[in-house]
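Chains here go by letter, A, B, C, D, E and F, matching the order in which they are written, and residues are numbered from 1 within each.
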Amino acid sequence: MPYVNIKITREGATPSQKEALIDGVTRLLQETLNKNPATTVVVIDEVETDNWGIGGESITTRRSKGL
Amino acid sequence: MPYVNIKITREGATPSQKEALIDGVTRLLQETLNKNPATTVVVIDEVETDNWGIGGESITTRRSKGL
Amino acid sequence: MPYVNIKITREGATPSQKEALIDGVTRLLQETLNKNPATTVVVIDEVETDNWGIGGESITTRRSKGL
Amino acid sequence: MPYVNIKITREGATPSQKEALIDGVTRLLQETLNKNPATTVVVIDEVETDNWGIGGESITTRRSKGL
Amino acid sequence: MPYVNIKITREGATPSQKEALIDGVTRLLQETLNKNPATTVVVIDEVETDNWGIGGESITTRRSKGL
Amino acid sequence: MPYVNIKITREGATPSQKEALIDGVTRLLQETLNKNPATTVVVIDEVETDNWGIGGESITTRRSKGL
């Protein structure tokens, strides 16, 4: 029954990498808390680098500075 | 004042279907909890099938298996 | 497969009112988009009135002003 | 360490306006609660006007009525 | 930089189980997408069983039926 | 119409500090994007330190190490 939301910047994650995230987090919840994989929902949000900030500036800006 | 977030897979929901969701959930909150429709906010997120997982695999994969 | 998050202020919603929200929104998604009720997840968050703001002030403050 | 999610309708916010939101909310958390800007994360979601509802109708519909 | 939100029912997850979730999902993002653990944020929400619905009824109701 | 969710650890933020966050973020959206304060919604979530992780460990653990 768990619901997991993973937010990452949109920078080319492939379908197979997303499958690995979905599979991995579902297993983790089963192993750690005995949660039923059949009803574990995972939603991945890919966010534009203009729309993600850390340290008071966007990832776009940070990348342009080589951070 | 309620805030409702509805996440569905991106598979062709039409503008009128989205209107029906917005109207329906706003009425439901008014009828059930007497919430003021004027300040009830509804946000619908449509998620790519690669980015939604259940049962440890993506909806894309499940659809390809006929699930 | 939909996921719905309903946020309301914590002001005494009863278990049966919450059941009505869960049932109502699940039916709405079935009727509107033919979504399978068996995998429709609904999570209700009840938020303290100090922690909810609209119009630049908390609900606690608004209630004290009779708004 | 705070995490802030800002949802707005997708109506042409520019990269520099988004920078101003990221910078402003990061400063606000530092000034108000002494939160470390280095680990303050801000994510901006821009939502289609068909997918945002208030008062029981979508923003698209409201705009068409001049609201 | 990823942000992960894990929602589970509030049914006695221990601090060490929560540590295992935080550690496990942080490693998963490093292994799968080379994400920096130092800025990976994980937030766990524990939701009352009255407030979590699946199949049109609350977990509280389902548990009372032996589901 | 914007919706803002601010997540912080539960470590004693006062009602007046929360008012300052609500007021500040509402003003920021008005000044930056000309958003109407009357329909700007802010929800603050206070998260237990056991339930917040960064760098692969909970804030509780980090605090016990003096981090």
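To be clear about the criterion, contacts are C-beta pairs under 8 Å (C-beta built on N, C-alpha and C of every residue); 3 or more make two chains touch, one makes a residue touch a chain.
Keep in mind that this is a model prediction, so the values were computed, not measured.
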item: Minimum number of chain-to-chain contact steps, chain C to chain D; value: 2
item: A-E or A-C, whichever has more C-beta pairs in contact; value: A-E
item: Same vs different contact residues, chain A with chain B, by half of numbers used; value: different
item: Relative orientation of copies chain A and chain F, as a Cα rotation angle in degrees, nearest 5; value: 180
item: Averaged-CA centre spacing for the pair chain F and chain D, given as whole angstrom; value: 14
item: Chain D and chain E, separation of their C-alpha mean positions in angstrom; value: 25
item: Where chain B and chain D are represented by their mean Cα positions, the distance between them in whole Å; value: 20
item: Touching two or more other chains - residues of chain C; value: 1, 3, 7, 21, 39, 41, 43, 52, 54
item: Which pairs of chains touch, using the document's own definition; value: A-B, A-C, A-D, A-E, B-C, B-D, B-F, C-E, C-F, D-E, D-F, E-F
item: Sites on chain A touched by chain C in the complex; value: 1, 3, 39, 41, 43
item: In the complex with chain F, residue positions of chain D that touch it; value: 1-9, 13, 17, 20-21, 24-25, 28-29, 32-33, 35, 39, 52, 54, 59
item: Chain B to chain A touching residues, read off their complex; value: 7, 47, 50-58, 60-61
item: Chain F to chain C touching residues, read off their complex; value: 15, 18-19, 21-23, 26-27, 37-46
